[in-house]
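Next come two complexes built around chain A: one with chain B, the other with chain C.
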Partner chain A sequence: MVMRDRVVVGAHYGWRDWLVQRISAIVMALYTLLLLALLLWHGGLDYAAWKAIFGNGAFRLATFVFMMSLLWHAWVGVRNIAMDYAKPVGLRLAVQTVVIALLVAYAGWTIQLLWGGQLA
Partner chain B sequence: MAALDRPVVKPRPVYLNLLAIRQPLPAVVSILHRASGALLFLIGIPLLLWTVERTLGTAEAWAAMRMTLGHPLAKLVLLLLAWAYLHHLLAGVRHLAMDLHWGMDLASARRSAAVVFVLALVLALAVAVRLW
Partner chain C sequence: MKFRVYRYDPEKDAKPYYRDYDVALESTDRMLLDALMRLKAQDDTLSFRRSCREGVCGSDAMNINGKNGLACVTNLKDVKEPVELRPLPGLPVIRDLIVDMSQFFKQYHSIKPYVVNDTPPPERERLQSPEEREELDGLYECILCACCSTACPSFWWNPDKYVGPAGLLAAYRFVIDSRDQDTEARLDNLEDPYRLFRCYTIMNCVDVCPKNLNPALAIGKLKNLMVKRAL
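And now, the complex of A and B:
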């Protein structure tokens, strides 16, 4: 099989990371404003307001989008830090593996919190 | 073979003692952006999830978590994380502004760095007042 039309300019990972970092940041900033507005609307943070805010299905979905943005954002940032300071390949691989495992675990924890029946 | 044995780049002395260089404010804001991000990843995310888990249960669980986070040491951690979130957020907004080529000249960049640095501290102070 002949390889044709192969563009040898890299995989665009850098460009994708750059864009993900910015879009996820905007999502998190908007969620922060939403949460502040909801707390203001409820007249401050107490148990009843907290339960009411998380009792809303749309807010739980928004929280999920926020958490996924946060975890992806954290991955791009921590990976950059690892590439700057963890020079030996083995060490860098170990750090990145642990970080990915943690982030996946945090994603699972988030789903458990939001739809695990605790709020029902 | 002999040519390959020679290093391609000659070792040159590097005069880059980070402790001896007086960092300009934009550099300080930049390294704090990274440090605050690392802090939010290492402590912020697990603490956030744990807190939400503890506070969404019964009213007694909420009260117990309030007590836990009301400990002076816990308050210090919360304050540190609040500052980290604020600094990271504001420095990020500054980044987005620069992506749009806004405030790119040296004077504006220095001014916006100062605004980020001071505003994060002021807002963190407001959080501290609220905590204590």
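And now, the complex of A and C:
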């Protein structure tokens, strides 16, 4: 009889997290450069410059894309840490649930800040 | 020459401990393994593996002053005294410097380390062009000493789920082999979040490899192939 070890292979999404982390990092880097360039253009960081930069609708959209990249990036990273260190399933589920709730809350807060009226 | 060696015999010792040795070397002793043989003559209860004594078999891998390496290719001139010798980290200790490599080899076997080709074999051999053969350079030389995998934090944390640098180097060696037909299944086998993607490019593997191979590069190429295929 031929003995064969069954190779158990789990979910097929390992590459997706890996790619998301890289693409979101690029988005964040580009946004950081854009923000720095705008600050230089406006000659420093005062209220007037800040208001002019964020008064622009396109820049607010870019800020939103940046924040979404940040939150998604953070999710992949924190989830990886939970996978390495929080071995009991219950604990891992709890950690991941709290993190998801926090990240969603941050997303809502971002929308509130960007389009809530204070900046317009 | 002064040594400080990790000692543990699970049948006798409640806990591992360190023992200090002072070994008189002969003028012909060049490598750390030579000194270890003198040490063994002085205290024959000390256990370690060795065989070829020239960096080919991979038996005498150990942690030398905090860094994994082969005792037989580590020059005595390059190590600081007292030389601290420990077993490879992250694997169960059988005795002294001998570790249980079952988990390591289980991961190695899980990537099917052999050419899979179901077409009828030609009369003489499956030929490769010089370029195709060149792809295997830097991959086939691995001696499976486990220095890399046992230096990898991802392997320490998930030795049952993460294949580890040695296994992944071998995986890439067969993925890129022009004679192998099992590429799709090989990539499928590594596609989950653990087996390949637990590598965070820490590069300890590259740092310690006694054969100067680059598992991190092979792992990067596997990740690229995986993403290219998926998109």
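Throughout what follows, the second predicted complex is superposed on the first by the 109 of 120 C-alpha atoms of A that agree within 3 Å, B and C clash if a C-alpha of one lies under 4 Å from a C-alpha of the other, contacts with A are read in each partner's own complex, and residues count from 1 in each chain.
The criterion applied here is as follows: contacts are C-beta pairs under 8 Å (C-beta built on N, C-alpha and C of every residue); 3 or more make two chains touch, one makes a residue touch a chain.
Remember, predicted model here, so these are calculated numbers, not experimental data.
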Query: Of the partners chain B and chain C, which touch A:81 in the superposed model: first, second, both, neither?
result: first
Task: Look at A:51 in the shared chain and tell me whether it touches chain B only, chain C only, both, or neither; answer first, second, both or neither.
output: first
- prompt: When the two structures are overlaid on chain A, which partner does A:25 contact: first (chain B), second (chain C), both, or neither?
  reply: first
Query: Does the superposition put A:17 against chain B (first), chain C (second), both, or neither?
result: second
Contacting residues of chain A [partner chain B, same complex]: 22, 25-26, 29, 32, 47, 50-51, 54, 70-71, 74, 77-78, 81, 106, 109-110, 113, 118-119
Query: Which residues of chain B touch chain A in the complex?
result: 34, 37-38, 40-41, 45-46, 49, 52-53, 55-57, 59, 62-63, 89, 92-93, 95-96, 99
- prompt: Within the complex, which stretch of chain A touches chain C?
  reply: 5, 7, 9-19, 80, 83-85
Field: Residues of chain C that touch chain A when the two form their complex
entry: 109-110, 154, 157-158, 188-197, 200, 223, 226-227, 230
